[in-house]
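Below, chain A partners chain B and then partners chain C, in two separate complexes.
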Partner chain A sequence: MSPADTATTKQADNEVAPRAETEALISGSEAVAHAVRLADVDVITAYPIRPYDTVMQYVSKMIADGDFDCEYIVAESEHSQFEIVKHASAVGARVFCGSSGVGWFYAFEALAVTAGLRLPMVAMVGNRALDDPGAFGVEHNDALAVRDLGWMLAWVSTAQEALDTALIAYRVAEDPRVFLPCAISCDGAFLTHSQSIVKVPSQAMVDSFLPRYSRGDKQLHPDNPITIAPQVNEDWLMEIRRQSDMAARRARDVIIEAYQDFNARFGRGGEPFIERYMMEDAEVAVIGMGTLAMPVKVAVRKMRQHGRKVGFVRVRWFRPFPARELQNALAGVRAVGVIDRDFSFGSTFFSGVLANDLRSALYPLKNRPKILSFIAGLGGREVRTNNVIDVAGKVFDAASGADIDEQNTYWIGVRE
Partner chain B sequence: MSTGSVEVVYRGIFQKTLAKNICRGIVFAARKEGRIGIAFGRYGDSPERNGIPAKQFAVVADTEEELEEYLSRYEPDNNDVTIVTDDTLCKGIESWAWYGLQPINKLLKEGGTLLVTSTRSTESLIGDIHRKEEPYNLATVKSSASFSGLWVYKDDHTDVRLLGALARVAPHIISLDSIVAAINEPKKNAAKEASARKAHDQIASTAIGPDNGNDAVPFKFELPGWKKMEECLVIRGVGARQQVPGWEGGHVPARNPTFKKFTTRTMRPVINFDTCTKCTICWLQCPDTCFDITPDGYYDANMEACCGCGICEAVCPVDKCITMVNEEAFRDHRSQWEMWHKDKQAYAAWLSEKTADQPARSHGFHHPGQYAEEIANEPR
Partner chain C sequence: MEEAKPKTDIGDFTSPQVLEPWKGIKKVAREEYFTSGHRTCQGCESALVMRLMIKAAGPRTIVLGATGCMYVANTTYYSTPWMVPWMHTQLGSAGSAATGTAAALRALMRKGKMEKEPINVIAFCGDGGGADMGLSAISAALQHTQYNLLIFLYDNESYANTDIQVSGSSPYGAHTTFSPPGKAHRIMHRRWKKNTAAMLAAGHPGCKYVATVCSGNAVDTLNRVRRALTIGGPTFIHSLDPCPKGWDYDPKYSHELGELAVETGIWPLYEVEEGKLRMYGKSKHIASGAAKRKPVREYLLRQGRFAHFTEEDIAYFQAKTDEMWEKWLIPGVIPFSRA
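For the complex of A and B:
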C-alpha cells in the first residue's frame, strides 16, 4: 500500500473512533503548547529567544491556569536547557524543549549527544535567521544544522499541522524501534505568531493515539542499574553509528504507521513525508518547505487558470529524507524548481540544502527531471505569489529546452 | 460576504492587548458566520518599545483558498479598514527596520475606511493625515487612546466599540449580529453588547478626496542592493557633528540619517528658554542624545531625534521649564530655540499657547491617576 492510499483505506475505522474536538483561535506556537499539554509531557525546560519562546509562554500560562501539570524549569542558557531534558528523558520522562536561531546553536553539544544517546526528545524550532546580522525573520538553517546527527526533522505549514505533527512526533520518537529525537520546525512569524482556527482534540482521542513513553530496561533507575554515555574509541564507535543509522531507517516505517493511525483516528493528517498539490497531471513542479506552501499554492492555482500544468510538492519531513516519495512524485515531471528558505554557501552549485538533497534523491531515476535551485524568503522576506510565478516560469522554460544553466542557483527577491 | 482584511495600528506595548482583542474579535465573529480567518501581528515591530507604532491584522474569508494568499504576508497592503487606536498615529508610522514614514492611510484600499479612536474633529485629524490619491472614508469613535486590556487598566469597551463601528463601515467583512454573538461568548455581556450597538449606530463617515489632508511628502530613503551595500556588515560612523548654518559655536551631533523619530512620540518637550539655567541635566539624561547645544549654550530638543519619553521634563530642576505636550498640538518639527532666538515675544506667546491648554496624552503622565481623570471626562 502506498502512503497516498492510507487516508482512504482507513476511512472505515473513522466512524468507530470517538471524535471530540474543540475549535480554538491560536497561533502555531500555541498549537504546539496544546499538543504538549495533551501529550502530558513530564519535564519542560525554557530559555527565551524569539520566536520559539511564545510556545513556552503558552505552556507556562496553561500551568498557571491549572490546565496542565509538569516540571517546568527555566534554565540559565540553551545548553543547560537541552541538557536538563536530555537527562530527564534518560530516566523515563516525556520531555519537551525548543529554541530558535543561534539559541539552538548554543545548545549544539547537547543536541548532538541527545541523538547519540538515542533519547526521544521532541523540540520545537521557531525558525529564525542566524546571527549575525541580528534578525528575527524565518530562515531554515537553524534546524537544518542538525540534519546529519540523527535528529528527525519535520516542517509544518499551518498551526493545525503543528499540533498534529507534535503528537505524531512523540509517537515516532518514543517508539523503541526508533528512540531518536525529533524537531518540529515552525516558520518564525508566519506560524509562530499567526493565529488561525485550530481543532484541538480531546484528551481521550490523544490518549488512544499516543502510548506512554517507556524506555523499558534502558531506563536509568536505581532498580535498573545501568550506565549510559560511555567513553569509547575506534573499537566501538562505528557499530554504534551503524545502530543509529538503522534507527533512522526504521523511523520511515514508524512514521508511515503513525500517519495511518492518525488519519484513522482524527480524520486528517494527510500523507506522511510529503504533500502533493495538483501533481496528478503536472508537467513541472515546485518544491519547498513550511509556510512557503501558501504563496506557492496560490501561484499554482493562478497558473493553472492559464492552462499551465504546474504542481507543488511540500516536503514535510526532511529527516528521514523522503527520497522514495519524492522519486515517486517527481518521476513524471519534466522539470523541478526547488525553493530553499535557507542557504548552503560553497555547496554544490551554491544551492540551498533542500535542492542538494533533492538532486541526490532524483539522480537514480532513469528519466531525471531538470532541477533548478532557487533561494528566496531569507530572514523572513515575503515570498510573494508573483515571485513563485517567476520561479515556475523559469522551470517551464527549462522543461521546454530553453538554455537555462542547471548548475547555477537563482536568488529571488534580492535587491541587486 | 467576501474576503476582507483589517489593519490595526496601535502604540506598542501599551495597546498590544487591545489590538489583539480587536483582531481576535473579528475572527471569532467571522466564525459565527461559518467563515474562517486569521489574526497576526506585524512581526518586525516586536519587541515593542515604549510607544512604538505597531500593527496587527485580521483577515476573514469564505474559503481556505482565499485565506491562503494572506497567510504568508507580513503586511497586507489592500485593507478594507485601517483601525487607529491612538490619533497621534495619524501623522504616520515609522518603525524600526522600516522604510521611512508610512502614511497612516497608505495600506487602505480605494473606498476603504480609516477608523480612528479620537476626541478630535475630522478637520483636525485630516490636517495630520497625508493625502491619498484614491478616495477613502474617515470615521471616528469618540475616545482617547485606550489602555484597555493592559495589566490592571479597566476594560473600557474600546475593542467592542470599534468592532461595532467596523460592522457598520465594512458590513461585507462582518455583520453586527456576528459581532454581538461573539461578544456574548462564552458569557453574556449586556454592557459590552450595548457599547458595540451604540458605536454601530452612532458612527458617521466623511468622504476624503485626493485634495484633503497633509500635503507634506513623507520622509523616505532608498534601501541599497547587495552590490552597493558594504561587505562584512560594516556600518560607517556618521561623524561627530553636523555643520548647521546659524549654529556655529554650538554643537549639533551627527545622527542616523535614515531613522527619524517623527511618529514614535506622542508628546514632545516644549522649553522655556527664559527660565533655563543651562544646568545640562536634560542634555546628559536624554537617552536619545536629542538635545542640540545652541551657540549661546542652551539645550534645544531636536524633533528628528526625540522619542518623547519625558525624561527631560522629569529631571529638569526648574519649575515648568520643560513641559511635555501632546503631539496633536504640532504640525512641524521646527527648532524651538531658533523660534525663540528670532522673536522672544512671539515665542513666549507660542509657549503659553502650547502649554496652557494641553490636550490629553496618549501615554506617559504627569501624575498618578491622570489617565483615570482623562477618561472619566470622555463622552460615551
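For the complex of A and C:
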C-alpha cells in the first residue's frame, strides 16, 4: 500500500445525500456514541470514570450488537487509554476516547503529545470537578487545562449539538490544514445523563459530510518509513511550535467551512463558534458555556417580560477562541457578565478562565463594554434562574453607572 | 474480545510473519535496518541490541521507542539510524504504543482501508520505562492476545539517559547518581532487582512467549526475537545490556560483563514458550548442575558502581544469588518455595 493511495480510495460524495433522520430520546453520551458509530471510527479505548463513561457503555453495546465495527480496547489507565489511540491515529486509524475530571489529568502527558504530534484524535470530556474533595458534578477546569496545548475545545449544550459537533470535530481535526485533536465537552450529568429528542442522521448523510481520514505522507507504515517525533531540541522546536500555531490559526476557517456544509446538508448547526440569544437589541449580555444556557435563556426571557433588554452569548468553541465573533456580538452592549463554571485561582482579578480570555478579546474594542466576572455552579451545583437574574441585575447596574468593582470576581450561590 | 459478527472478516493479516531461526552466524541476513546516525556511547550494548532486534524482524516492521537512551541518543532530527518506520512513545507507554499500533493495523486491514499484510510491531523500552513506569501498560498489552506485538525491554539497570539514576531494575547496592555511597550510608539502594520477565510470564498465561537474552551471543538474541514475532499474540523479551557509563567499566568489556552476569547466575537465560520453560545457554548448564556458578565477586568488582562494596556487601549479594538457585521453586525464575 502506498500511503497516498488511501487518500483516494474513498472520497466523500459531494452530492447532498437526502435528509433521512430518525428521532430518538437519548442522552448526550448516547448521542456522541451515535456520532462515533456514524463516523465509522476504527479504534476506541475506554477506561471508567464518571460521568463521561456512559458514552463507552453505549459504544460497547453497539459493538457487541454488531452495529459497527472497530477495535475496542478497555485500557488499564487513562494514560494508556489516550496513548493507545494516539498511536493508532499515527498509523491512520480514526480514533475516539474520552474522560472526565482527574481521569483527563491522569492522561495529561498523552494529551500534551497528541497535540504536539498533530494527531487528530477526537475525545469526549464529560466535565467533572477535579476531586479531591470528592465530587462528581460539572466544572470546566478539566477540559480547560489543555487550552494552551493545541487542542481544539468545543462546549455543547444539548444532546443534538453533541452529536452534530462530534461529526464536525472529526471533519475539522482530520483536515490536513489542521491536524489537531479536538475535545467535545459535555457537562457532567446535565448533559451526559439527560435525555432529549435527538435527530440521528443516516449513514449516507454522514458519509457525504465526513471524508475518510488520510494521514498522507505522515502515515506510519513500512511503505513510508518515516521517523516520528525525533529529538529536535533548540535547533527545530520553535519552528515546529510555529507550525502548530499556524494550524490553530487555520482551524478557524476550516471550522467555518464545516459549519456551512453541515448547515446545508443537515438543515441545522447554527453559527460557528458562538450562539447569540436575543442579542439583536440587547443592552447587556450574559456569557457562558455548556448547559448553563438553559437557566440563562429562561432568565433572559423572564427579564425581557419586564422590559429589561438582556441577551445571552454562548461560547461554543473555546479553542480556537472566537475573539472576532465575540467582539462583533458584544460591541454594541454596555456591559457583559461572564459566568464561569470554572476557576483560575490567583489569576487576573481572580476571575474564571472564560472571563480572562474574554477581557483580552474585548480590549481592542474602541467602546468596550464593562465586564463583570462571576463564578457559579461549581461541582455541579445547580445554577438557578434567580441566580442568573441576580447576575444580570448587577450587570445592568454596572451599565447604568453604579459603583461596581470591575476588577473583582463575584461568586454566585455560595455560602460565605 | 470475541468476534461475534460475520462482517468482522479476519483475513490472513492476523497471522504473524513466519521468521525461521537462523542456524549460525553465517546464515544471518546481511541487511541492516539500524544504521549510521546514532550517537550512543562507545561500547553501548543497547545500540547493538537495537541493531540485532530490527535485523531479526526485517523491513516490514513498525518500531515504537519509549523515552530513554535508545530514543534520545538514536533519533536526532535529520540523522535517524532507523530504516523502518519509527515513532517515539512516552516513557511509560511501550505497551500502549504497541497495542495502539497493532489495533490500528488490524482495524484498517479488516475494514479494507489498508492492504492486508502481516506487519511486525515492536515497542522497546528501557528498564525505567518497562520495569518501573510502564509496567502496567505492558501488563495490559500482554493480555490483549488478539494483537501481534513484541515488547522489548533493554535493561541497562538505570535511568541511563538522564545521568544514571537508580531504577527498580538496578542491582542491589549499585552506585547511581540517586544512590551515591556516603559517610552515613554506604548502601543507598536497598531494593533487590525486580524479576520482570518471570513476573510477566507467570502473570499473563495468554502470552505465548517470554524470554531473557544477553547479547554476548548475537544469534541467540536474533532467534529469540524471530521466535517472539512468529509465535503470534503479544510477547515480551528482556535483554540485559551492560552499560559502560552507568556501570563504570572500560567500554571494551561490554560483552564480557554480560557473559559474567550469566555465568555468576545473576542473569538467568530462559524462555517460556506456550507455558513451557526452557533454560538455555550457560544458564541451562547452571540449572542442570553441569556448570558451577562463578562467584558474584568476579562480576561485581569489575564495575565502578560496586566499588564501595565491602566484603559484607559482596557476601550478601552472593547469598541472595545463591537463594535464586538453591531456594526458589523454579531456580533462577520463580522465587517461591513450598511451605
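In this text, the second predicted complex is superposed on the first by the 399 of 416 C-alpha atoms of A that agree within 3 Å, B and C clash if a C-alpha of one lies under 4 Å from a C-alpha of the other, contacts with A are read in each partner's own complex, and residues count from 1 in each chain.
Here is the rule we use: contacts are C-beta pairs under 8 Å (C-beta built on N, C-alpha and C of every residue); 3 or more make two chains touch, one makes a residue touch a chain.
Here the structure is a predicted model, which means the values were calculated and not measured.
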item	value
Combined model on chain A where chain B meets chain C, clash or fit	fit
Partner chain(s) touched by A:D217 [first = chain B, second = chain C, both, neither]	neither
Chain B versus chain C as contact partner of A:S80, first or second or both or neither	second
Touch count on chain A, higher of chain B and chain C	C
Touching partner for A:G188 - first (chain B), second (chain C), both, neither	first
First, second, both or neither for A:E234, with chain B first and chain C second	neither
Smallest distance from any CA atom of chain C to any CA atom of chain B, in Å, after fitting	21
Footprint overlap on chain A, comparing chain B with chain C	none
Chain A residues touching chain B - in the complex, by the definition given at the top	23, 25, 27, 50-51, 132-133, 136-137, 158, 188-190, 193-197, 291-292, 294-295, 297-298, 301, 380, 382-383, 385, 414-416
Touching residues on chain B, where the partner in the complex is chain A	23-24, 27-28, 31, 36-41, 43-44, 46-47, 65, 68-69, 71-74, 223-227, 233
Parts of chain A lying in touch with chain C, wherever the complex brings them together	1, 6, 9, 40, 42-43, 45, 64, 66, 69-73, 75-77, 79-80, 83-93, 109-110, 113, 212, 220-222, 224-233, 235-236
Chain C residues touching chain A - in the complex, by the definition given at the top	1, 4-5, 7-8, 59-62, 64, 71-72, 75-78, 80, 82-90, 92-93, 95-101, 103-108, 110-111, 113-115, 117, 119, 136-137, 139-140, 144
